[in-house]
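Have a look at this one.
Should a chain be cited, it is by its letter among A, B, C and D, assigned in written order, with residues numbered from 1 in that chain.
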Amino acid sequence: MKGYAMLTIGQTGWIEKERPVCGPLDAICRPIALAPCTSDVHTVWAGAIGERKNMILGHEAVGEIVEVGHLVRDFKVGDKVLVSAITPDWNSLEAQGGYAMHSGGMLSGWKFSNFKDGVFAEYFHVNDADGNLAPLPEGMDLGAAAMLSDMMPTGFHGAELAEIAFGDNVAVIGIGPVGLMSVAACAIRGAAQIYAVGSRPNCTALAREYGATEVINYRTGDIVSQIMEQTHGAGVDKVIVAGGDNQTFMQAMEIVKPGGIISNVNYLGQGDTVPIPRAAWGFGMGHKQLRGGLMPGGRRRSEYLARLITTGRIHPEKLISHTFNGLEGVEQALIMMKDKPQDLIKPLVIV
Amino acid sequence: MKGYAMLTIGQTGWIEKERPVCGPLDAICRPIALAPCTSDVHTVWAGAIGERKNMILGHEAVGEIVEVGHLVRDFKVGDKVLVSAITPDWNSLEAQGGYAMHSGGMLSGWKFSNFKDGVFAEYFHVNDADGNLAPLPEGMDLGAAAMLSDMMPTGFHGAELAEIAFGDNVAVIGIGPVGLMSVAACAIRGAAQIYAVGSRPNCTALAREYGATEVINYRTGDIVSQIMEQTHGAGVDKVIVAGGDNQTFMQAMEIVKPGGIISNVNYLGQGDTVPIPRAAWGFGMGHKQLRGGLMPGGRRRSEYLARLITTGRIHPEKLISHTFNGLEGVEQALIMMKDKPQDLIKPLVIV
Amino acid sequence: MKGYAMLTIGQTGWIEKERPVCGPLDAICRPIALAPCTSDVHTVWAGAIGERKNMILGHEAVGEIVEVGHLVRDFKVGDKVLVSAITPDWNSLEAQGGYAMHSGGMLSGWKFSNFKDGVFAEYFHVNDADGNLAPLPEGMDLGAAAMLSDMMPTGFHGAELAEIAFGDNVAVIGIGPVGLMSVAACAIRGAAQIYAVGSRPNCTALAREYGATEVINYRTGDIVSQIMEQTHGAGVDKVIVAGGDNQTFMQAMEIVKPGGIISNVNYLGQGDTVPIPRAAWGFGMGHKQLRGGLMPGGRRRSEYLARLITTGRIHPEKLISHTFNGLEGVEQALIMMKDKPQDLIKPLVIV
Amino acid sequence: MKGYAMLTIGQTGWIEKERPVCGPLDAICRPIALAPCTSDVHTVWAGAIGERKNMILGHEAVGEIVEVGHLVRDFKVGDKVLVSAITPDWNSLEAQGGYAMHSGGMLSGWKFSNFKDGVFAEYFHVNDADGNLAPLPEGMDLGAAAMLSDMMPTGFHGAELAEIAFGDNVAVIGIGPVGLMSVAACAIRGAAQIYAVGSRPNCTALAREYGATEVINYRTGDIVSQIMEQTHGAGVDKVIVAGGDNQTFMQAMEIVKPGGIISNVNYLGQGDTVPIPRAAWGFGMGHKQLRGGLMPGGRRRSEYLARLITTGRIHPEKLISHTFNGLEGVEQALIMMKDKPQDLIKPLVIV
């Protein structure tokens, strides 16, 4: 079969591989819709997870099942399915302890285009089909469905980790597709003021549409002073970090109140350490929590978030700024993610 | 001063009383807006809290401060304020333990028209002004502001106790003003399907406007079978009880899933016991939690919920179906609450 | 193979059956130690789970693996193992949602001697060996190990559901083996006063040894008045129900403080409804939570609780009041559980 | 009156001051027992909270009330009382939100020897007597009682922030008096293995007595490699930081598992930033939470922790390694805290 792969660090291309083998609990799918992710870009061009040779890329997909293992209970060939980017081993100790995304080791619930071939191929393999696939709800927009692989569960996890409470004022730092989903998540989680930190016009416009009450442009001034001014010196109850870099936590700690939470869903790709400002952290005693975590994956998560789309509470398809057709479109879409043209939010490939 | 009072069980009338005395931590307010509550009706005509003689009624108000104690830090004469229906003693053991509404004994954070005169008077007394008043945000609709005393914090507490999570399917049983606020709270807390159980046309219409996806009419069939049918036998993740009676928990336990929560914000006025169905409760082992609690009161609560109004997330003023003018309007408004005409949701009195 | 079975409601006996078949994820074990449970008694003589014909009884066991499926990663033939009484399907929606014990339906994580043959046989079948077995720690007393199947995880779950906090005063109603484990759990969870409600001398003695500060004998007076007197009218912060019947919750609700929790781990075998006292529940508004749930099962749970034994924090082997030898001993042990002689706490069978 | 004061940064001495004035909600106490704290040392000799002139030191005390304000409900002259080191404003927004220790601003619940004179004087002032004092239980050892001001609530808060669960393996870094209380707290909170990191013989001996299963001596090797070796590469579930410096979090993050918590109760006195290791933090996605907070103060906290002493669950008086007599003993005791002789754990002054 044909797949679009990382050939080595810094190089991508189309390769031929054997179609993956289906274990007794597994499924083999063909892609219906695909989307490239910033982490695909980091994997290839920043070598973020180390060297990989001829590994098919991609972890965001909607699929159709072409083969299922004999122990699979709930799915059959021909079923159209939501595919979670994170596909845990559900009987692992980590999953039993509530952290399925770290099953088998930290971050090891992330398997596509990390420990095995990804979804940018004619066929892809899903471990534990019953646990990690979910039925594609009838009539669901394919763009929305594709956002259920990673963008929406990751962005929503930012709001979950931050424990947004009714009336909280929140800053969301970074409003790429994940941060935009965090903004939307906060708005339907009961936040009041949402300060969206970003600069690109279509992202800031969509942030407002998703519920941001203010846009903070880091290009026009320090974000700490802007937010402290707008909150009359009080700061915010919670901060979600969905962009920036290691230094971002210096700012986040300054603007969050005692008793608040900083929640990170941004993969930190560089640097040895992440600095925390001692005084703003209350000399270690300010009850400002720092959290961060890989999205929870699996079937239940997909089903529950899908309900928010089918009931019209959320419209993740608005993230889709560019659409390509055919499997070969993933190449152009990935390059677009790498080059980040000004009007990009998220590309989609309809296969 | 003049006040509208419960004279004895079953009788109300206007009385003259001394203006209340302001302690060093307290405030005396004159009402700007008032609203009667179903619990005023229960207090007078059902004798729900026992006998009271010549006690001024009312616990929902927006006020203007006319006197403050010398230890009050943050308020001054002339300030317009949100008044919480529940005004705890904040240094009590109960408050320190997270249950301020029970400061001094179960439910004893409820003082207006319970342990002291209420707000339906030319002047009313607020204990611990710094802890229990909040500034009236500039430009806030007075109807919305009055709903911050009780309707909104009580309805929202139903959603808090139920620990609504993203994508939960929820049933809200009872869609009077409190239940309608629970519907709205669920919708901005991340619920997916919201089954609103009620029958009156303007309530069901507003329930849909606030985010209910389905209306279940108990007059046209058993609500358990209707909800089980609509959920394909799965039941709902959470149930909020905002109406009905002691038997309602029999139904609630049937429709909630294992691992779910039944959250009550309805004052149960009659009967010795509340029956729970043994089998539906999983023989005591189904992890179906039963909770219920008086609304959290106080200043912080008022401020945080007020933010949801000022940011436009919620519109409690839509509850106001009838408006009266002048203090004397509280009489007509209360009688209306007692008689419950078909088109009533909530009356408001602008003083 | 030979097994000790429920022949029909009210009858038990030894039967011959085929040795169970091992699926690819499963294990077949022979028993090393076994214990009968009150629920075996309820199953047979009260028909608590309905009719069952020739079903082998028992769900408390320590075993040795004699066969493993080819997909099992972590266990091999000859391994000695702790066997959880509850053996969930870990990829189910319920398990992904945190309620593995209800995987496949309420209480359906309970499979032994419910949906399939139990452990009182020459061989027994364990679904998902990696997820539901745990290595028997070297040198662990077999009596202690057998208590890890059900008594300890169930008793400890009572303390977990009650959310015991530092300094809480707690009542534990019922001090059979599960209640005794709840007492011990409270003591190592930071409770202060522990009121153990029971009457049998060896149980009350062991309750004190496990950390109870007071024993309340229900035979010498009403437990509500005894506990209210001892707490100077304040009541307790939490109540764990590990015995009694449906009426017990009437008492529990009277003695628990507003903001408190009643946690049930007692299987309620009879009656249509469980009555809750309306006034003591604060008319539905007292923030007195009612919870109850089947023990969490699985490997991680077994491993974490086992650590408390290997570090000497807890000594569940003290529950063992009678020991029998040989598989055939399960008959005598079960009859003893049924007859409840005065000096019984828990019988053990060493195979 | 006479008091032992910080004269300026680096200098202490006895001074004469006016006896403090008692407000309507307050109490004036004379000390019965006192203890100096490491933070007194930091305040004077490291200038940790900035310059203070002639400020009486000390925040750990047991007292007797000599005067009460007229609004105080529950205390009277002559009552002996536990005094919390942290004395919040209970009606503040922060307290209403669950973070009373930050009432009026980050860390501002800490008033003694910070914003006002401390307890090392003939008389000291306590704001909000009802909210911040607790009755001294009859017969309680004065050393134990003095440890209820700060050592025990701070050490126990480490275990609370870490959310110790049954069977957790825990590392406690730093076993001065606070860390020793954290060890004891973990042991009665249900931890299994407790790795106590320290070196001084009497501290390590007491750590074992309080429940540590292993002592890790940082002088004999890297603590990360020692703990990873002892846990067979798994690391620990939780880490409590009660000593060390900003670099300690580098180690803590290495040894804690994904899904774990690092909880800090150590005041970080120096440096601009606290570095977090990017890779060990899972590139921001490992669900390793970082928390830290000032102890919760107030009356309820004192009463609940006191119960653990009166029921014999915990023996904080074992911390007292040296005892002095008379108010003037505070000088010697403080100098001892500064000089840290090898056999010091905690000095006590009986007045």
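As a working rule, contacts are C-beta pairs under 8 Å (C-beta built on N, C-alpha and C of every residue); 3 or more make two chains touch, one makes a residue touch a chain.
Given the structure is predicted, the values throughout are model-derived calculations rather than measurements.
Taken together, chain C and chain D share the touching chains A, B.
Of the two chain pairs examined here, B-C and B-D, the one linked by more C-beta pairs in contact is B-C.
Our note on geometry: chain B versus chain D, Cα centroid distance of 41 Å, whole angstroms.
Residue positions 97-98, 303 of chain D each touch two or more of the other chains. Those residues of chain C lying in contact with chain A across their complex are 23-25, 71, 90-93, 95-98, 100, 128, 130-132, 298-301, 303.
Interface residues of chain D facing chain A in the complex, by the touch rule stated above, are 48, 94, 97-99, 101-102, 105-107, 241, 246, 250, 258-259, 264-278, 281-294. Interface residues of chain A, counted against chain B in their complex, comprise 156, 160, 165-169, 185, 187-190, 192-193, 213, 303-308, 310-311, 313.
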